[in-house]
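Structure provided below as C-alpha cells; questions to follow.
In this document, chain identifiers A, B, C and D correspond to the written order of the chains, with residue numbering beginning at 1 in each.
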Amino acid sequence: MIDKIVPDLETAVSDVRDGHTVLVGGFGTAGMPFALVDALIEHGARDLTIVSNNAGNGETGLAALLKAGQVRKVVCSFPRQPDSWVFDELYRSGELELELVPQGNLAERLRAAGAGIGAFYSPTAVGTQLAEGRETRRIDGRDYVLEYPIRGDVALIKALRGDRWGNLVYRMTARNFAPVMAMAAETTIVEVHEVVELGALDPEVVVTPGIFVQHVVQVTDPFVDGAA
Amino acid sequence: MTVEDLPRWSLDEMAARVAADIADGAVVNLGIGMPTKVADHLLDGREIVLHTENGLLGMGPAPNDGDEDRDLINAGKQPVTLVPGASFFHHADAFAMMRGGHLDVCVLGAFQVSMHGDLANWHTGEPDAIPAVGGAMDLAIGARDTWVMMPLLTREGERKLVPVCDYPLTAPNSVSRVYTDRAVFDITAGGLLVRERVEGLGADDLAHLVGDVVLEEPA
Amino acid sequence: MIDKIVPDLETAVSDVRDGHTVLVGGFGTAGMPFALVDALIEHGARDLTIVSNNAGNGETGLAALLKAGQVRKVVCSFPRQPDSWVFDELYRSGELELELVPQGNLAERLRAAGAGIGAFYSPTAVGTQLAEGRETRRIDGRDYVLEYPIRGDVALIKALRGDRWGNLVYRMTARNFAPVMAMAAETTIVEVHEVVELGALDPEVVVTPGIFVQHVVQVTDPFVDGAA
Amino acid sequence: MTVEDLPRWSLDEMAARVAADIADGAVVNLGIGMPTKVADHLLDGREIVLHTENGLLGMGPAPNDGDEDRDLINAGKQPVTLVPGASFFHHADAFAMMRGGHLDVCVLGAFQVSMHGDLANWHTGEPDAIPAVGGAMDLAIGARDTWVMMPLLTREGERKLVPVCDYPLTAPNSVSRVYTDRAVFDITAGGLLVRERVEGLGADDLAHLVGDVVLEEPA
C-alpha cells in the first residue's frame, strides 16, 4: 500500500540533513510553503543551499530561515525586494553566498534535473555578466549559453489538494515553480490544504503526478478556506 | 529654453502610445514598473491577451478593494484578476512561451538603451548593489518585439538613450522600439529612426537632448 | 477580437506549403488527427517531412498520405508495425527517407523547439548506432548525446475541446504528443470534437494554452460522442 | 538428455517470479511483449503503480469485451483501464519520468543480453529490416532497475544471454537482472550471479546452456 500522507510537519521534514540543497516553491508569498519552512527552522538543519525565486520577505518564511543562520547559499533570480532586509544584511556581511540565475534558466534548469537532461543551451543571458565564464555556442545563427541542471535533495512545495499517491493540484498562480521542483528533488515534501481520497482527483486535471512526490502533509490554510 | 521647459508626454500619454501600437489579438507581457500602466490604455475593440511569467495568460485588471486573492498575482506580485479564456501553467511553461518566441510583444522599463538596441535594465553596476534579475533577461530575448518605455533623461538629466550602455547589459541587440516622454524611436538595422516627437519639440531640440546618439528623422 | 475557429478543414490546412515540415500528433490511432490528415491529402502539398511517432497504419491517416506520394521524409520512433505496409514498401523502394529517433528524444526535441532551447544533452541512445556521428559529452560522470530541436512549419493535432483563443483539453491517452507539437510549430492546427465558449474551460485544467494554437476546426467524432 | 528435455518455467511462472520481486509501492513500466504478462501476477496486498510512456500512470488491467476505449491504450496500443489515483500527462512528461530516473523498475523483452548488462532489443541488424526503436532506449537507461524477461535460448536454440551482444545495442550496461525460462540472473559489477534455477536443472546443465558466459552460483 502506498501512503505518502504523513501525520505532521515534523515528520514531513525529518529527511532533511545538514548541507542539503533544498528547493523551496513560491513566487513571493504565492505558493510559498510557509508551514514546511517553519518546520525546517524547528528541525534545525544547517549549512543549507536554498533554491527559490526570491530570498524571503519580511521576517517570515525564507527570511526567518536565513535569520536562523541555517543557510549557506541562496540560488535565486530576484533576492532584492523592498522587504528583503534579512537577506540584504547577510549578503552584504558576506555570510551568505548568492548564485543569481535568470528566472527562465532557473525554471528550465530545475526541469532539466527532473527530466534527466545533462545540460542545455539556453538563449537567455547571452552577452551579459551572468554568462561570463560560461560555455557559449552558436547554433543555427543564434548564440546560446550552456546551462546545467539544478537538483535538490529535498523540495518543499505547497499545493491545494493531494491524495495518498502524492497526486497534486494547485491554486491559481500559486502553482509557479512547484511542478518543476517536484520533478527535480530526490525527496519532495508537499503541504496541502486538503488531503482527498485516492480517485477523487480527475486523472485529466492532475498537475503533478504522484511519482514526483514523497511526503504529503495537510496544513489547514484559513486563507484558502475563506477564498475557495 | 531649458530642458525642463521643453514639452513632454505624461506617463499616461506614453502608455497610450504603446497601447495604440499593440495589434488586435497580440499576446503581450507588460514588465514591472512603468509598463504596467499600458494595461489601462488598451483600446476597446482590440482583444489583447496579457501574459505574466509567474504562470498566467489572460490576466485582467486589478481587483476591486477587498477582492484581492493572495494566489492570483502578476510578476510584480500585485493582485490581478482573470478574463474569460485565461489559463494557468507552471514556471517552465511560462518561460517556454517567452523563450520559445511565442509572445508577440513585451514592454520593459530600462536604465539605458543603446542606439543599437542593447538593453540595460537589471543592475546599476554599483559595487554594493544587490543584483536581482528576475525574468528581465528572458523577456528581452524572448518576445518577437521588445519595446522599452522610459523617460528620455533621468531626473538628474542624464541620458538614458545612449551610444553604448555603461550599465551591465540585460540583452544585447534586443530592443526594437523605445517610447520616451519626448519621442518614440524605432531601432532598425539602418539606424535610430524618430517615429514621433512630442508636439512642440523640434528635431533640433530632440537632437540636443539625445546628444551623441545619431537620429534619423522620417523623410 | 481573437477568433481561431475556422469554418472547415480546407481552410484549416490552407497554410501548408510544399516542402513543409509537418508535425502530426497521435500514438497509433489515439490522438491521430485523421480529419486534418485527410484534408492535407485533399490539399495536395508535396515534398513534406512528416514528424510523428508512427508511420501510418493500414491505408488511412498517415499511411494514405504516404501512399499519395506527398511525403519525402519521415521522422519517427516506430515506423514498423504489423499494418505499416504502405511505409514499408516506400521505404524499401528508397522513395522515402527515414530518420529514426528514440521516442523520448522525439518528445524532448519537440519541446526544446517550443521552449527556445538551442540543443540539449540527452541520456538516451548513448553507445548505440543511433548516436553514431553525434557529439557526446560526459557530465557528472555520465555520458550524454547532443540533440537538436525539431521545429515544425505546421502541426496537425487533435483535442477534445477548444475555444476561440485556442485553449485545449484532451481525452485520456490521446493527449500524447499534441501539447509538445503545439509548442514546436509555427502554425498549429487543431481538430476538436467540440468548440466551447470562451471561459467554458476552467483555467486550472487547460492543458495547451491558446498561445500555442493558430487554427481550430470542429470535427464531430462519432466515437467520442458514444464514449463521453 | 537434450536441451528440450531440460526443465523450464512457463511464461506464467516466469512472470510470477518477476512480479514477486516488485516491491510494494513501486512504479513500474512493463514493456511490450512478454513483460505484459507480469501484470497478471502482481501480488495482492502490494500496491504497484503501472506507468505507460504514452502518458498514463495508474494503468489497470485490460477492459472487458466491449468496454475498450480507443483513447485509453498502453504503449503496445492495447486497450487498458484506469485505477483510482491515475493521471494523464503528455509525452515529454511521460519520458521525463523515465529519463529523469523516477521509475523504480522497467521490465523489457530482449533479443540478447550480455553478461555485462548490455541490452539488445530494438533491431536485429539485418540489412533489410525496417528499424524501429520506440521507447526502448529511453526505458533501458531511465528506470532505477532494468530487468529483462526472455527465454534463455531462441526457438532455434541460439543463446540469448551472451558474452558480447552481436545485435545492435539498445543501451550498454543497463540490465541488472534477467528472468529466463531456465534461471534468474543478477548482473553485478562482480559478475553474473545465478539467483534461482528451475527445479531439476543442475548447475552443470545451466553452465552448458549458457556456454561461454561465466556464471557465479550463490555460495
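Simple rule for what comes next: a contact is a pair of C-beta atoms (placed from the backbone, for glycine too) under 8 Å apart; a residue touches a chain by one contact, two chains touch by 3 or more.
These figures come from a predicted structure and were not determined experimentally.
Q: Does A-B or B-C have more contacting C-beta pairs?
A: More contacting C-beta pairs are found at A-B.
Q: Sort the other chains by how far their Cα centres are from that of subunit D and give me the top one.
A: B
Q: If you average the CA atoms of subunit A and of subunit C, how far apart do the two points sit, in angstrom?
A: About 33 Å separates the centre of subunit A from that of subunit C.
Q: Using mean CA coordinates as chain centres, what's the subunit B-subunit D distance in Å?
A: The mean C-alpha positions of subunit B and subunit D differ by 56 Å.
Q: Give, as an integer number of Å, the spacing between the C-alpha centres of subunit B and subunit A.
A: Distance between chain centres, rounded to whole Å: 29 Å.
Q: Express in whole angstrom the distance between the two chain centres, defined as the mean CA positions of subunit B and subunit C.
A: Taking the mean C-alpha position of each chain, the two centres sit 36 Å apart.
Q: Give the residues of subunit D touching no fewer than two other chains, as numbers and ranges.
A: Counting only residues that touch two or more other chains, subunit D contributes 56, 88-89, 92, 95-96, 98-99, 142.
Q: Show the residues in subunit A shared as contacts by 2 or more other chains, in ascending order.
A: 108, 111, 115-117, 122-123, 170-172, 203-204, in rising order.
Q: Among the chains present, which pairs are found to touch?
A: The list of touching pairs comes to A-B, A-C, A-D, B-C, C-D.
Q: State the interface residues of subunit C toward subunit D in the complex, per the touch definition above.
A: 27-31, 77-81, 84, 87-88, 91-92, 98, 100-108, 110-111, 122-130, 170-180, 207, 223-224, 227
Q: Taking the complex as given, what residues does subunit C use to touch subunit B?
A: So the residues of subunit C touching subunit B come out as 1-2, 111, 113-117, 163-165, 167, 183, 197-199, 201, 203-204, 206, 209-212.
Q: Can you check the complex and tell me which residues of subunit B touch subunit C?
A: 24-25, 27, 45, 47, 49, 51, 56-58, 82, 84-89, 92-93, 95-103, 142
Q: What part of subunit C is in contact with subunit A in the complex they form?
A: 108, 112, 115-123, 137, 139-140, 142, 144, 148, 169-172, 203-205
Q: Quick one: in the complex, what on subunit B touches subunit A?
A: Those residues of subunit B that touch subunit A are 52-56, 69-73, 77, 88-92, 94-95, 98-99, 123, 128, 130-138, 141-142, 168-173.
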